[in-house]
Amino acid sequence: MVPRFAGVPTFMRLPQATSPEGYDVVFTGIPYDGGTTNRSGARHGPRELRNASSLMRQVNANGIAPYEVLKVADIGDCPVNPFDVMDSLDLITRHFARIAAAKAIPVAAGGDHLVSLPILRGLAAERPVGLIHFDAHTDTADSYFGKNRYTHGTPFRRAVEEGLIDCERTLQIGLRGSLYTPRDYDYARNAGFRLILMDEATELGPDGIVQAIRARVGDGPVYISFDVDCLDPAVAPGTGTPEAGGFLTREAQRMIRGLNGLDIVGADVVEVSPPFDVGGVTSLAGATIMFELLCAIAAGRGA
Amino acid sequence: MVPRFAGVPTFMRLPQATSPEGYDVVFTGIPYDGGTTNRSGARHGPRELRNASSLMRQVNANGIAPYEVLKVADIGDCPVNPFDVMDSLDLITRHFARIAAAKAIPVAAGGDHLVSLPILRGLAAERPVGLIHFDAHTDTADSYFGKNRYTHGTPFRRAVEEGLIDCERTLQIGLRGSLYTPRDYDYARNAGFRLILMDEATELGPDGIVQAIRARVGDGPVYISFDVDCLDPAVAPGTGTPEAGGFLTREAQRMIRGLNGLDIVGADVVEVSPPFDVGGVTSLAGATIMFELLCAIAAGRGA
Amino acid sequence: MVPRFAGVPTFMRLPQATSPEGYDVVFTGIPYDGGTTNRSGARHGPRELRNASSLMRQVNANGIAPYEVLKVADIGDCPVNPFDVMDSLDLITRHFARIAAAKAIPVAAGGDHLVSLPILRGLAAERPVGLIHFDAHTDTADSYFGKNRYTHGTPFRRAVEEGLIDCERTLQIGLRGSLYTPRDYDYARNAGFRLILMDEATELGPDGIVQAIRARVGDGPVYISFDVDCLDPAVAPGTGTPEAGGFLTREAQRMIRGLNGLDIVGADVVEVSPPFDVGGVTSLAGATIMFELLCAIAAGRGA
Amino acid sequence: MVPRFAGVPTFMRLPQATSPEGYDVVFTGIPYDGGTTNRSGARHGPRELRNASSLMRQVNANGIAPYEVLKVADIGDCPVNPFDVMDSLDLITRHFARIAAAKAIPVAAGGDHLVSLPILRGLAAERPVGLIHFDAHTDTADSYFGKNRYTHGTPFRRAVEEGLIDCERTLQIGLRGSLYTPRDYDYARNAGFRLILMDEATELGPDGIVQAIRARVGDGPVYISFDVDCLDPAVAPGTGTPEAGGFLTREAQRMIRGLNGLDIVGADVVEVSPPFDVGGVTSLAGATIMFELLCAIAAGRGA
Amino acid sequence: MVPRFAGVPTFMRLPQATSPEGYDVVFTGIPYDGGTTNRSGARHGPRELRNASSLMRQVNANGIAPYEVLKVADIGDCPVNPFDVMDSLDLITRHFARIAAAKAIPVAAGGDHLVSLPILRGLAAERPVGLIHFDAHTDTADSYFGKNRYTHGTPFRRAVEEGLIDCERTLQIGLRGSLYTPRDYDYARNAGFRLILMDEATELGPDGIVQAIRARVGDGPVYISFDVDCLDPAVAPGTGTPEAGGFLTREAQRMIRGLNGLDIVGADVVEVSPPFDVGGVTSLAGATIMFELLCAIAAGRGA
Amino acid sequence: MVPRFAGVPTFMRLPQATSPEGYDVVFTGIPYDGGTTNRSGARHGPRELRNASSLMRQVNANGIAPYEVLKVADIGDCPVNPFDVMDSLDLITRHFARIAAAKAIPVAAGGDHLVSLPILRGLAAERPVGLIHFDAHTDTADSYFGKNRYTHGTPFRRAVEEGLIDCERTLQIGLRGSLYTPRDYDYARNAGFRLILMDEATELGPDGIVQAIRARVGDGPVYISFDVDCLDPAVAPGTGTPEAGGFLTREAQRMIRGLNGLDIVGADVVEVSPPFDVGGVTSLAGATIMFELLCAIAAGRGA
């Protein structure tokens, strides 16, 4: 018997597969951070998230046992082109379209937040999905450094423009951090998103936020995007754009567990940047959220 | 005058003694981590806890001045055998039996959590004691890697089997983390322990937890075991089996202070693993808890 | 266009100036830690705070846009003499007297907490000011190592003696940590300060603390001194005298934002010690507080 | 195409295999450090060596292209029992006996140095082999902490006693570090080993050492054991028993390359302890040596 | 007087300028790492090199006092576009063309090694220059990930193709590290470069290498490119593609000092990647080399 | 039996004593860094040097067994006043005068290099001693920041002025690093010191340097001062004024071993600054040198 910390590390110590065919849920990495405006390094996220995920066992603390109801595998990392944004967007879109075609639900590890756009292109090609978006930032800027429209600060504006998300069923939770202009939140608000800034988030508490989410997303399909910078930098220092004043991990866990039973079509944990991490705490937090996301999916399947 | 940060570091800058005789409370280390299932390193805990404890002054923030009512010393580290679990269990048992015989109360620094078993053998040989156990895990597994019954995941099952703890007066606080099976909590529950998982802990708050503890342990003798992994990994990254979503240090301090006046027969802070620590924050948290434990003991002696 | 993380780092990426003349607010560093009793390193604070402040954008999450109402510059670091406390006190006093003479409001980066004394000498020469003091310690000791009256543990006793602060309009918030004697808080209490220990702070919550502050300081001139050790060591490990059990960053942000509109004559963030920091989280927290202090000042000017 | 730094990390990015059958050389890890006398952590060596080995390409700087002449795979980690030395010795012995039976040459990643004993039991069961041993220590003690005969300080005395190594064809290179007694080198010398202490090693230089090795081991079968602590702690801080004054990495590379064409029956790199590493330099050094060992083996097969 | 470690950090604590006009030598940063194939982070190089350069005083250990013969300034960082390689190449080219037009000699801080291409475009537009290139890699690949011709592995092939460098007066020093194919060195060799692999470099020693350089470059104009990965990873861990077995810093210093008096038209230090650095040793090494490069330039001007 | 890494750490795991009386050699720490011009932290040197010294066994690699011929103890740390240079100088002088009066030889752990001055005052009060000084700097400046004559850059000018050292029997070895002016070495040269800059040191090699030392110091009494910054920053990053291009540890060991049999009246290892160390390598190097110094002293007593 090989100890948990040993062996070739796959996500959650799962078996490896070369195709999503035949699985209910697949873990996959997207080693791309070419959309990063400031501190890069999220390209190394999938490897360290796999590494940290060895600490995850089979059942969560609420008693949900995902492997009893779901067939799950690690299908490896998505091909990307570190030198070409457009090519990478295509490669990622195709990877997730294949997963969707196989009727598997992906739990993806970024990579920077730009990757959520091609994931949504792959998963929501046929109809827009609701979006539960945990983040310190809205990621709805139009462009950076002039005409660059595909960065980790723009994916959800593109997703709106492309009709990938259902704005009325979209929430952004944990917003904070300084802004470029007083109008930075306008696009998201005008699009119809429900914004929950940290001040409100603190007042609502995790359970109040869960209520707000459920009231808004209802029974339809939803995608969950978890930017690790929604957590406080003390909890998750290893990220590209840290912002003081975020969530504690236990609050994040409570919120994810509150999503049990929703119709989750996919999920991601992004912006884990190992070169900026200390003591692996960010990877551990990220891997834990990935496991909780799996449990939330499993809860909808009877676990 | 030698500055606090200088000189040979003893626990709390206390005088050294070679025997517990004549002291009310003794600090001692147990540099053993042979019971560790995953990341080892707690063997280095005593040294770094001594180092960090130089920051502790004489009086806690509640005004308790332990050295005015208690005679206290650092009696050095317990002998152990890094290559032999059974030998180490014996050595530790004898060390604490000597302390008990001297009528001193030990505040011990682990080492991994297995050391709590021989401590209890040394202290509770004549009658079972209540147990206030802060931890992310119940540590009541039966065995690991086949037939190994003495690991840091098993001490409290052994303690039950050996009649060392009074199950009706036992609480486990801060439980969380993924489980191997949905039945992992069954042993502790069936034994009669009161389990407080983090969800409930968050609802109760520190004061509510203190109430629950006091209601259960009453006036009888109690042992306090503080596994530093009850704290959140952001607060205490330097530990062998970190679990996202734990207590903040101020919550832990509040809880320990709530135990003032109980009949504390001994206490430990375990699972501080310096090789995995960052910036010494885990050692600082651990040393702080050791000082608060001393104050809680002192409070029962009129401080 | 130069990315935010590049270029010569000034505070908040502001233009540099050689004089405070003509500015409403000036950022300045005080690279002095000769008053440190234990772990030094705060001399490196200004540089790392500048570095981290590159992550601050133009508007805070509450929509305050300081640069629309205030003219602000980085005027560089104050001259100091690393080998001579008295000379350094004079140099710092003169630096801040010049700022006051220019009718600019300083937001200063320490250095250790002793620097608040000469800042107050420079700013409050003509009348005492109220003091809003966030700290784990009262810093009102009389002397250290015999007759040394100017250390980071004594500035506010000296400030009282010198009539620089209005004791009835002074609060100390976040006090905790072990004490040398049970009488350590007596001086501050007898002087008339309002002390808010962490236990009370936790009960009041950030909004309750803000109420207490506002009730006490009223409309008169106030100085805000923010010792980064008021934050928990998990949030701010990079400091000279860390004390377990402090504030979270979001609580600190909430409190500073609650001071909007007060008559703030100056502010500092002190005791950021980069050699003890991990992952830059302390510098990030400190830089964030500096930006929030600027916004609080701006709020009083119509932002 | 997946970038080198991404994907599930195997040794040298090699394909995984479940059996050594059909391969010329197999990489395998031994995640066991139960023989460690001081700082443990080598149990995590295999994982970080795999991680660092992603930086290794296909051909070494001398032009040796091992994959053109050898069929190579990563066969995963050897099963071990973290709580039972004797059981672990058996499990490792069987693992390597299977490799030997398959006529594959193992390049193993420790684990602490005790693992070389069961490797030799598996490989040299039928006849003793020469030993080229790079290390700061002879590892020929008799026992530790009383009667413990199987620790990382004893494997080569056991190997002599068990007839696994040909003492006349054995060298220990890089010896240094303080000793317990002036007689610590006696056993190895009396056994007939050639000892090259660092002073002599510095005089000989890498080429002189290679000559000494070749003169001694001749054409017979040899095993190469590379304890990373033969390197200087500045080069390889991540190890259990660091000793100032060791080899530079380029010297080690030169020596390994000098072994081209020998009849190498197996090799290991041991004592890489990631928890004590900084910046991954030790893992990088270790992975580089593993690749050079592969090249040395390939050189004997016509590469 | 402001201590060396304080104040806004410019290169070598030099005055800042907004234009190269009127200066003999200008320091400038290029915060771009979009050409990185593996571990990014060199975008943060300029800032940390400035930070570390505060330790550089006015005269080198050989007595060369550059500021007595040269007018030198820090002209800030070159504008770049983190999302667009071609745009960045243009921006950098123009920046250096302006410097060349001002007849100033640039000492540049990368950024990844791709930046040397646009620097050469800016400096060598009128005639090819000799190249003294310290590196573990030749950086003469044709493309990566398909058709990407502008990466940090390709600048010198592009420079040859564009006629920017005089191949007969070009050396590459410190080559080592594993290769993709046995033909990886062919392009450079065929182009006429003199390659000095580490094996030869060790035999020649720094003085022998200097002789080889001088014999080859003669009196004509030369550019010096110093990739910090020519140093050993123990000396310079903070880099994108570390390769075991490189130079010591004292060897590099000796080599640079050997270039005194050459007709140096520009120089760079590239691939310092602060997120991967430990203890700032790589930045310190890089800043030291930048200062030595300045001294080598000064030596040609009579210092 | 307590493992080496455990227990209260004294230097070399020696018994503690409260007085030097009756010992041949005493280890002692001087936790003072008030003379530091740049990065402080050497005040923490004694504690971490004690910690690292647990790895030192009883006999050095040359077979010298100091404890067989010398009675040795750890007498704890010297009292100092962190806020008062002159007071600290007096306290240290008296501490070492007491040691000298007891006819014990001190091996001291700094603290910054200023401490060598009061050590010499204590040891060389009656006659000047030869000085073997390993350092990147001459430490013979006159003053810093105006009139401050007692800093870590001035001790040996003061020692010359006070007649404490015999200039004709003084060497400074390992000098390098940039200078403030071309005349920085003049004082030392004019005083009659033998300066060995790194360039010459590299040419001489350790054995040549030993010859130069022996030729100069002869049979008279000598003091050895080892500033850890004589080592390369890769080997010893944890120091206040690191200078690229220094010695390797094995070279330093070889040089110290070459001093066997000299009439050593005392020795120090200074400028180990733990807050700037990485992975404890500097403390390990420093502790190793302290042990070698003990062995060199022992060699003169027949070991």
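As written, the chain order gives the labels A, B, C, D, E and F, with residue 1 at the start of each chain.
Just so we're on the same page, a residue touches a chain if its C-beta (ideal position, glycine included) is under 8 Å from a C-beta of that chain, and two chains touch if they have at least 3 such contacts.
Chain labels with UniProt names: A, B, C, D, E, F = Agmatinase.
Just so it is clear, the model here is predicted, and its values are computed rather than measured.
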Checklist entry - Among the remaining chains, which ones contact both chain D and chain E? => result A, F
Item to check | Shortest contact path, chain A to chain D, counted in steps | outcome: 1
Item to check | Interface residue identity across copies chain C, chain F - same or different by half | outcome: same
Checklist entry - So which chain is farthest from chain F, going by the mean of the CA atoms in each chain? => result A
Next on the checklist: Per the definition at the top, count C-beta pairs in contact and tell me whether A-E or B-F has more.
Outcome noted: B-F
Next on the checklist: Measuring between Cα centroids, which chain is at the maximum distance from chain E?
Outcome noted: B
Checklist outcome for this item: Chain-centre distance (mean CA atoms) for chain E and chain F, in whole Å, is 37
Checklist entry - When the C-alpha atoms of chain A and chain F are each averaged to a single point, how far apart are the two points in Å? => result 55
Item to check | Residues of chain A engaged with two or more neighbouring chains | outcome: 1, 3, 5, 37, 39, 43-44, 81-82, 145-146, 232, 234, 248, 276, 278-279
Item to check | Chains touching one another, given as label pairs in label order | outcome: A-B, A-C, A-D, A-E, B-C, B-D, B-F, C-E, C-F, D-E, D-F, E-F
Checklist entry - Within the complex, which stretch of chain B touches chain D? => result 33-37, 39-41, 43-44, 81-85, 144-146, 148, 150-151, 275-276
Checklist outcome for this item: The answer for chain E against chain C in the complex is residues 1-3, 5-10, 16, 29, 31, 43-44, 46-47, 50-51, 74, 76-82
Next on the checklist: Quick check on the complex: what are the chain B residues that touch chain A?
Outcome noted: 37-39, 145-146, 175-182, 184, 197-199, 202, 232-234, 237-238, 241-246, 248, 276-279
Item to check | Contact set on chain E toward chain F in their complex | outcome: 1, 3-5, 55-63, 65, 232, 234-235, 248-250, 253-254, 278-281, 284-285, 288, 291
